[in-house]
């Protein structure tokens, strides 16, 4: 059962990723793209977790944690860049 | 406990201890020793980076608050999901200015964060003088009611937690 | 692994997936940036939370040890999602991104 | 050793002489003459045996690989030349003492003169052809420096460069010729080469070799068509002209022909090449000399003509002609050197060399005039003077040539005609200078006799002309015999040195030449008018124009090729890689190996599709820079996921952390750069780049596919087997990084450290003006540090540090390690920069950012060095398991200490890089520069 | 295992680290320590030259991991020569720099020492991927050094240099990857063994990978058509850096010699002599391009930079002949050209500093203050560089010319080298006569006297031309032996059998 | 799977190469980053593609080749250092030339003043 659930979830998250990419390409404005990227990062966490569950391996969890951290920093930096230009000052 | 080797942020220390246990997937002799050590040392090393000392008065109230927020998040997410998925539903968005009673920036940030995570609202901005909070509402009914709900459910409990 | 556990894990998984998808749909089809902001901030976060939680249960059961590392991911996401949203909203307002017609109130001009 | 010392002495003198410059001209002249005197003294005891044809050879090994030895050889020929070089050299040294002015750089002059003397001696005394070549080129170089002695004169500089180009270039041809000779003979030793004449002349490479060697000889000896450099070398001080450009250096080519005569001469090719070149040179020089109004110009062209004469003699190929050639070398050296010195005196005393101004000097300087007239008469071939004797021999030999038909008349006619011109210009030298009315506008008036000692060299040489002319057998007989013997390398022909051989055809020719010459001189004005109808070619100007043209063409062409366009260079690089790499791959084509391809699951396929779309999208959308950046982040994220998908969790984590830092970095840069790229590439350019890109991408596709579907064995089984037992860790990737290939990692953190230092240094003085608005003209917000971000980031720091510590500690056994941990720490601190600003953060940082860089490198290196104490190589690791109460078992590995070094370096370097960039935008200078 | 093998790497590393810590120490102290490090490296490298002269291969296995699993340093005559050339050059460039070059920017001494470290890794390593790392170390240090001293003239040439080398690094990794994907190993000796019996089906991958590596090395070596980054970059660098860079192209040449004699050499089985047929015509064209550039150069630095390219072409022409005598000649030439071109960069700088705004351009300018010394140095340097007797260039050239076997290639090599020499003589004499002799009245702000460090370092480097001539015999003996060693790769491969520390006892 | 992977590497390479051939420093830097992604993936894949075979001893039965992973890790770090340097250098060039064209100002190629002609000029 878990197998099937994993497959279904994987399909749904993959679809979510495709939708993120759609928004990312469509825009129309920079904040939309950043939002899409942020969303993509979060969905990537789900993908990694699902991969770990599929493989029955816990060694990918830190990768997921790292995506969370890096996605956040990336989003913040991009947003600040839009507003302020200089990210670090 | 502001001595040179004390705990500058006790709550942080507790959190760090718990986080260490989580990272090590459970409790063992080594993880406890190391966890205690890190819970003591890390805040000490980084205390310059968190100079003000927001005092959490009622940790228990805070726990309750967190549980309540989690519940609200679940509800909010379902709401948003429904709005989003229903192709006929046309949301009525609005920007709402929320007058703040909280003073401490950390408290205000916590409130703003809570609002962002809960039903149909995103904290878009905090005014420069920190008296107003701009909230974007996905699907607004009555603005005054919304403000009142937020004040009742989140701002006042937070006010008691951070005094 | 007991069937109950399997059901719990599966339900958590699928629910998580659904929320993640819902967030993405919102992102894709809502009319303006500000409304789209709600999707990822809430639904996706919760969706990923569900999947992460199912992983906690899955590994705790299958490896018979407490596997709570993933919870940190959830905590972190909940801690940071509002800030991300806040930053993006600020950027959008700064750039005077168009709002959908019928939005009440105005963004600030700080 | 004697011969080597003879060569060495002048060089030593060249080094020592300048030290006497301060002591005055007399002192330096005396000092400079010592080497020549000593050398002469050293040679004197050796003369005796040479007469019988013995040869003295000294050899010392030097560079056997190229067949070069320090071998010297003294025989009649080299003795003759050595004496010329040394004796005339001594006279020149004396003469120069009075010629040079006080303020001139006499030290340099004498030094160069002696260096020239040494290298000239080197040429004639070398017994190894490579060694000879070395001295050969040195004479060209020294000549260059001497011609340009008055280098403030444009003509001197140009003349010098032209001479260098011609003679130096000829030297290069000679080099090739000599190397070929060595290739044929298998040795560069003169003995071997001279003994191998038949082998050489029958070898397939003989024509090439001969032509190359003759090129060397002809350029040096100013043979037509390379003669033009010599007249322009007259820009040199007159002693130099007398010494180098009449008596010695220009004879080097002649010497070479004489030296290699047994090895190369005696073929038809030799005959035609050498004799015709000589003939043309003889005529051209003689004709031109008549029309030069410049005293030295006349002498220079006359020198060209006489060099042609000698060459022609060598070309004739008869033994007697060779003897005559050697004889004329002596005679020409004596009369021409004295003429040059006389010309120098006239120049010195009148301030000009223009014969249209100089007239009637007989009245002012009868002594000098007498000497000059003797020498000039010798040049004209007047009997009882030495010039007459060799010219008679020349006339005689010109009649002996067995040319077919009409051609048999050519040599005697040319010889006589040249003799006519020769008499004419000699007559001009005498009449036009010392008689012919009164001087016109002399810069120095009235002229006087020069100082007593300045005339002595001229007197000696003039005396020699007379002595040889009257008592040839006594004066030069033995010397000439031994020289001719050495030249011919066999028996001497039967010849007699006497004043008059009787009333024969050669004497008739002499008379014809003499009276024809005088007649021609009386009719000179008509000839001048005729000559003036043709424009004189100024070879210097032609040479200069040619060099300039060459230089400008070269620059234009270089600028066209090396046009400073990175795009072109990059296209060349990619093009080169694609061409050479695709060539073998095309043999393979679309190749799927034995492993075959596996099926793909949907999520992976979609991820791959996204990767491809975003990669190509980045290229397509690159002009919108922020958009490109966001697409790049997606690609980076997807690459990380790919690593995770295919069993590389360490890589996934590394890629993720690096990517964020990179994106932040790019954003920092984008702040200062335009947010749009203008459309400036032409359609053609875009197509060209597109095709290169497609070929590169296609190539990589083929390679990857071929590779992925082929089985292979790698050394990695060793790592998997020894990771735990030998490296003490279960994460094999990490064990490879910190242990098996720890040295790579040390290099890698060094790179990071250097990059940080370099960036820090580079940005310190950069002046970048931050834009005040964004690309669309929105002014930047004043909300620099948003409350929410700042508030939440602060507690995140200790949390992130804890995570990074965790990842660090487990790295040896599970995905993680120092590098990833370091990046997490850095990102956590960068978040503080973003949230609260750099100044705020740095005030709270207890150390300079570069401290961890140095510390990290130090820790890693010292950890590696620790194993040396146990006798093990650098970076040998060790680990141990420890049991503590409560804590339990844990492992202590030296590799962990090494990883601490990695961690520290990464933190320090990353933060230094970002802080250096961030600092740029801080308007206040309050920021401590080293934070 | 002889720990001294690692000294040329560890010493500059430790010295560099020390410099990082001392970035606020007085300049004098930093100079003393920096120079002490460089001097020590020179002493040790001389020791290594003597050590290697017994003809055996010595290895140093980092971490005591046996090859091919761990990374090893391999010392043979070739590496010893290269390390020595570098150390010698570095010391005098370093001495020159303390005239003040080191003070015009930050971290000069650290970057300088790291540069030496990278070069020495490259010359000593026996591992192909470690060679990549070495390249990166030396490149990043060279980027830093190139940009050292600020000013706006360096950034564009620097950008070109960096971008092209980054592409080169990417290609390097692709090449290494392709070789690994078939052979499964990275140690060069092991690779040499592995390529000999590659499955014919996999051969194109090996060939293609090998050719990509050749492109990378050719880029570093600056062989046509990959040489155009060099003139601008070298001309823009500060003098001691440009002088030190004289050895940078030699790293590319070294890599070609090493990899293409060991792995793709005559004993390389199916991949024997890979790419040499490309290299031969290209190297001759490189000479032609260098000559063209030199003849057209409008400044002394540019002129010397093109001279570097001429020397690269000459070296590669000899190397691509693939015979031991030619390789030996090339090595002799390499010693000569590295030091002499470096010395010429320094001379050009000293000249430029005395000519006011004319700098090093080949135009009329007021007289120089120290023109006697400078003209002597210029004359010696250019004579040597152009290959005129009696200086080292002539001997090097003759060695190369002699090493060519009679045939078509002989005609080409001789023709190009000799005509090239002629044009070089024309270019140098023109430049020298204008710069030194064609003066105008005028005043240049007094540049001060030549200080002892710059005079000594420049004179020594130029003077090495005479030293090479004097010791031509021993040097050719060494290069002959080195070339023979290179042409018998089977000896090199035996390093794989070297026992590790602790194993010696049991054997 | 292998075809997909090869296509990805091909696309990344093509995009990187195209961008490196642009005339402005920023796209060039982006292109270099892209190319390094391609190269890292390629080098990684020289150990072939394996699912669930991370080379952590004791966790799975078959391990993928760990060596390419270690090499790529080194390459990533070095690539990061290099990218950082080139980014900063691009900024420097922009600051010095006043333009972000990779060859400096647009008039960079224009011939310099004719003050350097031959000896003819006196």
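Order of writing sets the chain letters: A, B, C, D, E and F. Residues in each chain are counted from 1.
FYI, contacts are C-beta pairs under 8 Å (C-beta built on N, C-alpha and C of every residue); 3 or more make two chains touch, one makes a residue touch a chain.
Composition by chain, UniProt nomenclature: A = K+/H+ antiporter subunit F; B = Na+/H+ antiporter subunit E; C = Na+/H+ antiporter subunit G; D = Monovalent cation/H+ antiporter subunit A; E = Monovalent cation/H+ antiporter subunit D; F = Na+/H+ antiporter subunit C.
Bear in mind that the values here come from a model prediction, so they are computed numbers and not experimental data.
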Using the touch definition from the top, what's the fewest steps needed to get from chain D to chain F (Na+/H+ antiporter subunit C)? 1
Of the pairs E-F and C-D, which shows more C-beta pairs in contact? E-F
By mean Cα position, the chain sitting nearest the middle: E
Just the number, please: Cα centre separation of chain A (K+/H+ antiporter subunit F) and chain F (Na+/H+ antiporter subunit C) in whole Å. 25
Give, as an integer number of Å, the spacing between the C-alpha centres of chain E and chain A (K+/H+ antiporter subunit F). 48
Please compute the C-alpha centroid of chain B (Na+/H+ antiporter subunit E), do the same for chain C (Na+/H+ antiporter subunit G), then give the distance between them in whole Å. 16
Expressed in whole Å, how far the mean CA point of chain A (K+/H+ antiporter subunit F) lies from that of chain C (Na+/H+ antiporter subunit G) is 10
Indicate the residues of chain D shared as contacts by at least two other chains. 154, 157, 547, 551-552, 559, 564, 566, 570, 574, 645, 649, 668, 670, 700, 703, 707, 712, 714-716, 719, 740-741, 744, 748, 751, 754-755, 758, 762, 781, 783, 786, 788-789, 792, 803, 814-815, 917
Contacts with two or more other chains occur in chain E at residues 129, 133, 136, 140, 143, 147, 156, 159-160, 163, 167, 174, 178, 180-181, 186, 298, 430, 433, 438
Where in chain F (Na+/H+ antiporter subunit C) do residues touch two or more other chains at once? 20, 25, 28, 38, 40, 42, 46, 51-52, 54, 56, 59, 67, 71, 74, 78-79, 81-82, 85, 89-90, 92, 95, 102-104, 108, 118-119
According to the definition already given, which pairs of chains are in contact? A-C, A-D, A-F, B-C, B-D, C-D, D-E, D-F, E-F
List of chain D residues in touch with chain E within their complex: 61-68, 130, 133-138, 140-141, 144-145, 148, 151-152, 154, 157, 160-161, 164-165, 168-169, 171-173, 175-176, 179, 182-183, 205, 547, 550-559, 561-562, 564, 566, 568-570, 572-574, 576-577, 580-585, 587-588, 593, 700, 703, 706-707, 710, 712-716, 718-719, 722, 726, 739-744, 746-748, 750-751, 753-755, 757-758, 760-762, 764-765, 850-851, 853-854, 857-858, 861, 865, 867-868, 871-877, 930
Would you mind writing out the residues of chain D in touch with chain C (Na+/H+ antiporter subunit G) in their complex? 776, 778, 781-783, 786, 788-789, 792, 796, 803
Where on chain D does chain B (Na+/H+ antiporter subunit E) make contact in their complex? 783, 786-788, 790-792, 794-795, 797-799, 801-803, 805-806, 832, 841, 843-844, 846, 886-888, 890
Can you list the chain C (Na+/H+ antiporter subunit G) residues touching chain A (K+/H+ antiporter subunit F) in their complex? 1, 3, 6-7, 9-11, 13-14, 16-18, 20-21, 23-25, 27-28, 33, 36-37, 39-40, 44-45, 47-48, 51-52, 54-55, 58-59, 62-63, 67, 69-70, 72-73, 76-77, 80, 83-84, 87-88, 90-92, 94-95, 97
What does chain D use to touch chain A (K+/H+ antiporter subunit F) in their complex? 602-603, 606-607, 610, 613-614, 617, 626-627, 630-631, 633-634, 637, 640-641, 644-645, 649, 652-653, 656-657, 659-660, 663-664, 667-668, 670-671, 770-771, 774, 780-781, 783-784, 789, 800, 803, 807, 814-816, 820, 824, 827, 830-831, 833-835, 837-838, 914-915, 917-918, 921-922
